[in-house]
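Presented below are the structures under discussion, each in the form of structure tokens.
Note that subunit A is present in both complexes that follow, paired respectively with subunit B and with subunit C.
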Partner chain A sequence: MLRSYSPSEYLFFTAAVFSGLLTAAVFGFLFFFGLPLLQSGQLADVLFSSWAPGKGLYGIYPMLLSSLTLATLSMLISFPISLGCSFIITALAPLRLRRVLLALIRVMTGIPTVVYSFAALFFLVPLMRNLIGHGSGMSILTAAPVLALVIAPTMILFFVNSFNKVSPRFTLAAEALGCSKIQKILYIILPQAWPGVINGILLGFGRAMGDTMVSLMLAGNSTAMPEAVTDSARTLTAHIALVLAFDFDSMEFKSIFVCGLSLYLLTALLMLLFRLSTAYFSQAR
Partner chain B sequence: MRKTIESCITFFSWGALFLLLMALFTLIAYLIQKGADSIQLSLFFGDTTPLDALLLRRQVFDGLFPAIAGTFILIACSMLIAIPIGVAGGIYMAEYCKGKLKPLFNLTFDILAGIPSIVVGLAGLLLTILLNRHFPRQIAPCLLLSCLCLALLVLPYLIRTTQTALESIDPLIRKTAPALGASRSQNITLVLLPHSISDIISGIILATGRCAEDTAVIMLTGVVATAGFPRSLLGQYEALPFYIYYISSQYTGPEELANGFGAAIILLLLCIGLLGLALWIQRRFTTFLLFR
Partner chain C sequence: MRKNSISIPLVTITSVVVLFFASWSIAAGDISPFDQQKGTLRIAGGTAHIPVMKEAAKQIINYNPQIHISIAGGGSGLGIKQAGEGLVDIGNAGRKPSDQEIQKFDLQLLKWAVDGVGAVVHPTNKVQSLTSTQLQAIYAGKIGNWQEVGGVDRQINLYTRDEASGTRKVFWNKALAKGDISTKANVVVSNGAMKTAIAGDPFAIGFVSIGHIDKSVAPVALDGITPALTTVRSGEYHVARGLYSLTKGEPTGLAKLFLDFLVSPTGQQIVADKGFIPVK
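What follows is the complex of A and B.
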């Protein structure tokens, strides 16, 4: 099809392509710097061995494990709470209260994670120290509830939004047949909107994996392999944040790129799944 | 049996809400209880008189003024870079992008939005190392680099909010001007953009809040604990979120700790203020795409 392009269209197109290229550029940077490590065949060593610079071991496996454990644990706390809150905001509460709660949850998305972590560092950590009975009180178990608090608004807003998209034809029909509010949610809205719930979990998990400040300030940053959730641990993001402590030519520094690449690829994969499931479920309907 | 499960779930939902709000208010109440006393003029300006500090006649050493100034300059510069690109990209996505290119761009911007902020900061750090190989000792992590990285961080939010704002315009409004003979760009500039301007602006303010709170990016790209008022874009600087993090690990006494609590309250107020402004502009509490 022949079309004449206006100059403004070129301008807008350039902006979009530029932003797209930046996404690739970030990956390019990480890949370019990680290349020597990949070429020398040390990738498996770096990914799956433990971190012991004294013995020449620079593996990020403990960090990978801590990141996944922390993200999973905080999801386990956050998901039921978020689902419950989204039930309340969608239907259970009176209309006026729903509006207030929704506004409050939106304001919660704006609270800086560093502020949460700072308050939790002086409030929660001493409590956990007494509870666990050993160590500094900084552990995966300390960081998980705070991280759950950080990702809850993201998930609640997503759940509420997908619940609200359920056609009023169904909900009105159900109400006309005399079903209660909780019945409306459980038997009409949830079966219709469950793809939204899965997508919300994907988004929340991505955010939990990507958060730096909570794990950096509350999880303790020990490089040892965490054996229990009450152990101090260092996540991938916190490991990158501590990069400036290293020499730029050292092996420690090179392991950072593998951390960065794993995080990039992991979040990209989550986003791909998110897009695919959105496309799949919207087609299926 | 069914009835029991239903009432259990209802009860559990209210419990979940109560737990979430309890956690939120406990942390915030703790913060205010610890930091409220430290919020005085001396928290901002230390021993320097406010007028001297504001006119940059004297450096402030033991106050938050340089950190607050750094944060504001950081926000202003990053938004200056990000807004034109983000809004233009959003207009392209909503109005011009067709066919197979659209899912590709959508996925790209999703990935960009999903990249953890620390990885964006790492990419910025790598950029300086790369440039250093070609221009030895001229490039170091600096305010400009942080602004570029923060702009990259908020770019997908701006693109998305602009795109969503334009795409949700009623087709009736969208088609009227072209039917009367307006060109496509006239339609965009004279009808569509003015119609969705409140949504776009509230998106911009949300992105501003994100710039203000982000700590991970600036940690790797030039923020330091003491630098004074930022003199140049190529120098190091202080920022509020990093000050809070720094205090949490390096405080030497109860006085500094109280300052940290004060700084946390100020950052909290700044971010909540920006968010409240965005909500007020938007006027209605519809949820956004990209629920961060």
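What follows is the complex of A and C.
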């Protein structure tokens, strides 16, 4: 039996198909413009060499590495903080404080990253310059805590949601057995909600990879291969922003399509992991 | 109701008075073509141009509030590209576009100022004079410590601009003799950002358009010649370039009026006030 759809259902269906197609179209677009470079057999060169347009090298390997390092580092800083915050918001703090904290986190999600970066440019950069003792103070290590601050609200909200979804039957039973709050969190809520925690991490990592302003303003943008986290480095997103002003026909400009493509594929891969993990963990339960 | 009937004439009178004095205080002839005009003018590109663009726009908007002028940065490469594609009415470039670019986009050039590009350091830095060879070695990463050029024992923090920058191109051509720029150099995206970075970093070296040099940074004399308005004008300091504004095809409408204003005596006075060398 074929069900007849109402006009509004058609409208929503069209909207869904459209946004789906748009995502595919962006991929197609990047692929199409990156194609000349991919065909000429220079893909390996672009992916694994360094950036020196003067010498005909258009590699993005240092940027790829910087992006991954920066995202991982900020994740390492942000994850414990986010997890702790969400424990406090869901179980530990008095009810009124929880509401205030949650409202604060929601406000934080809306603050543009350029504001954080700007503040850090005047406070964190001089501090890091003195702490590190050499270099300009702009480095991966300077950008990482700021990026951690940027991705924390996303993760916290995700964690809080998944903690709140834990059935009260479990938590009430635990309380009835005389569990302390900490025991309740560690032995009941966390084991029940950890698929949500993993998804939050993946989503936060995706945001960290995709953010442009923080690394553009704070990481220093040097094209050299970063040897330490205290070195100045350029991420993929900052690289795209910096090279965008080039002439269309230039090789520099063409190479950033490969940049975009790598970012797209990396993020897509992450989201695929996200979907798979959600499916896997909900089945396993 | 009564309140309205009083306040409307008052506003009118005030604005008439303000307009009267505004038009009176600046040479009325140069700006009067903007009478009766309205619309939006979009300007983008070279960041060295911005101080002059802002001042010119301010005077025009004060004279005739019906005109809206938006000014964006982005660098010379972006200025050429966006003017060529018709995304902006006027594109700024701190270098002459290549013949290929001029031909492809059918660009019309107007050179309205001459500008020098000078190396700058933090005002507390003792090293305020370098030879060309030293500067080239510093930018190539061969000299990595201020001690080697007579300064303190600290690592030199290199700052450069993105590759599409006109300021960078001129500095690289004429001061660095097309030598290498170390990949370890930090990259900033505008003359303003360069000044901010150098002003905040006691061990930095960078380069900015001479119009941007003020007390927050110290110019570095190159082979004994300090980059300044006077030395660029006399031709002693050779790291100089023209500041261009580009339009796609012959300029028309507001774009034409704006460019005419830039080369008028009033416009050229703004150019001089902002630390550049007028062309007329």
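Observations, loosely collected:
Rule of thumb we're sticking to: the second predicted complex is superposed on the first by the 279 of 285 C-alpha atoms of A that agree within 3 Å, B and C clash if a C-alpha of one lies under 4 Å from a C-alpha of the other, contacts with A are read in each partner's own complex, and residues count from 1 in each chain.
The rule is short, and it goes like this: contacts are C-beta pairs under 8 Å (C-beta built on N, C-alpha and C of every residue); 3 or more make two chains touch, one makes a residue touch a chain.
Everything numeric here is computed off the predicted structure, so don't read it as measured data.
Per the definitions stated earlier, placing subunit B and subunit C onto a shared subunit A by superposition produces a clash between them.
In the superposition on chain A, A:Leu172 makes contact with neither subunit B nor subunit C.
In the superposed model, A:Val243 lies in contact with both subunit B and subunit C. Of the two partner chains, subunit C is the only one that A:Thr223 touches; subunit B does not reach it. Applying the stated contact rule after C-alpha superposition, one finds that A:Ser50 touches subunit C and leaves subunit B untouched. Judged by the number of subunit A residues each one touches, B leads among subunit B and subunit C. When both complexes are overlaid on chain A, the residue A:Leu131 reaches neither subunit B nor subunit C. By the touch criterion stated above, A:Gly206 is placed in contact with subunit B alone, subunit C being left untouched.
Contact with neither subunit B nor subunit C is seen for A:Leu35 once the two complexes are overlaid on the shared chain. When both complexes are overlaid on chain A, the residue A:Leu97 reaches neither subunit B nor subunit C.
Superposing the two complexes on chain A places one region of subunit C into the space of subunit B, and among 22-30, 58-66 or 220-228 that region is 58-66. Common to the subunit B-facing and subunit C-facing surfaces of subunit A are residues 121-122, 216, 241, 243-244, 248. Chain contact summary for the complex, subunit A toward subunit B: residues 6, 8-9, 11-16, 18-20, 22-26, 29-30, 32-33, 80-85, 87-88, 92, 99, 101-104, 106-123, 145, 149, 152-155, 157-158, 160-161, 180, 182-183, 186, 203, 206-207, 209-213, 216-217, 237, 240-241, 243-244, 248, 256-257, 260, 263-264, 267-268, 270-272, 274-275, 279.
Put simply, subunit B touches subunit A in their complex at residues 6-7, 9-10, 12-17, 19-21, 23-24, 26-28, 30-31, 34, 84-86, 88-89, 91-93, 95-97, 103, 105-123, 125-127, 129-130, 152, 155-156, 159, 183-185, 188, 206, 209, 212-213, 215-216, 219-220, 241, 244-245, 247-249, 257, 260-261, 264, 267-268, 271-272, 274-276, 279, 285, 287-288, 291-292.
On the side of subunit C, the complex with subunit A involves touching residues 74-78, 80-81, 101, 154-155, 157, 159, 162-164, 180, 182-189, 196-197, 200-201, 203-204. Residues of subunit A that touch subunit C in their complex: 50-54, 121-122, 125-126, 129, 134-138, 216, 220-225, 231-232, 234, 241-248, 252.
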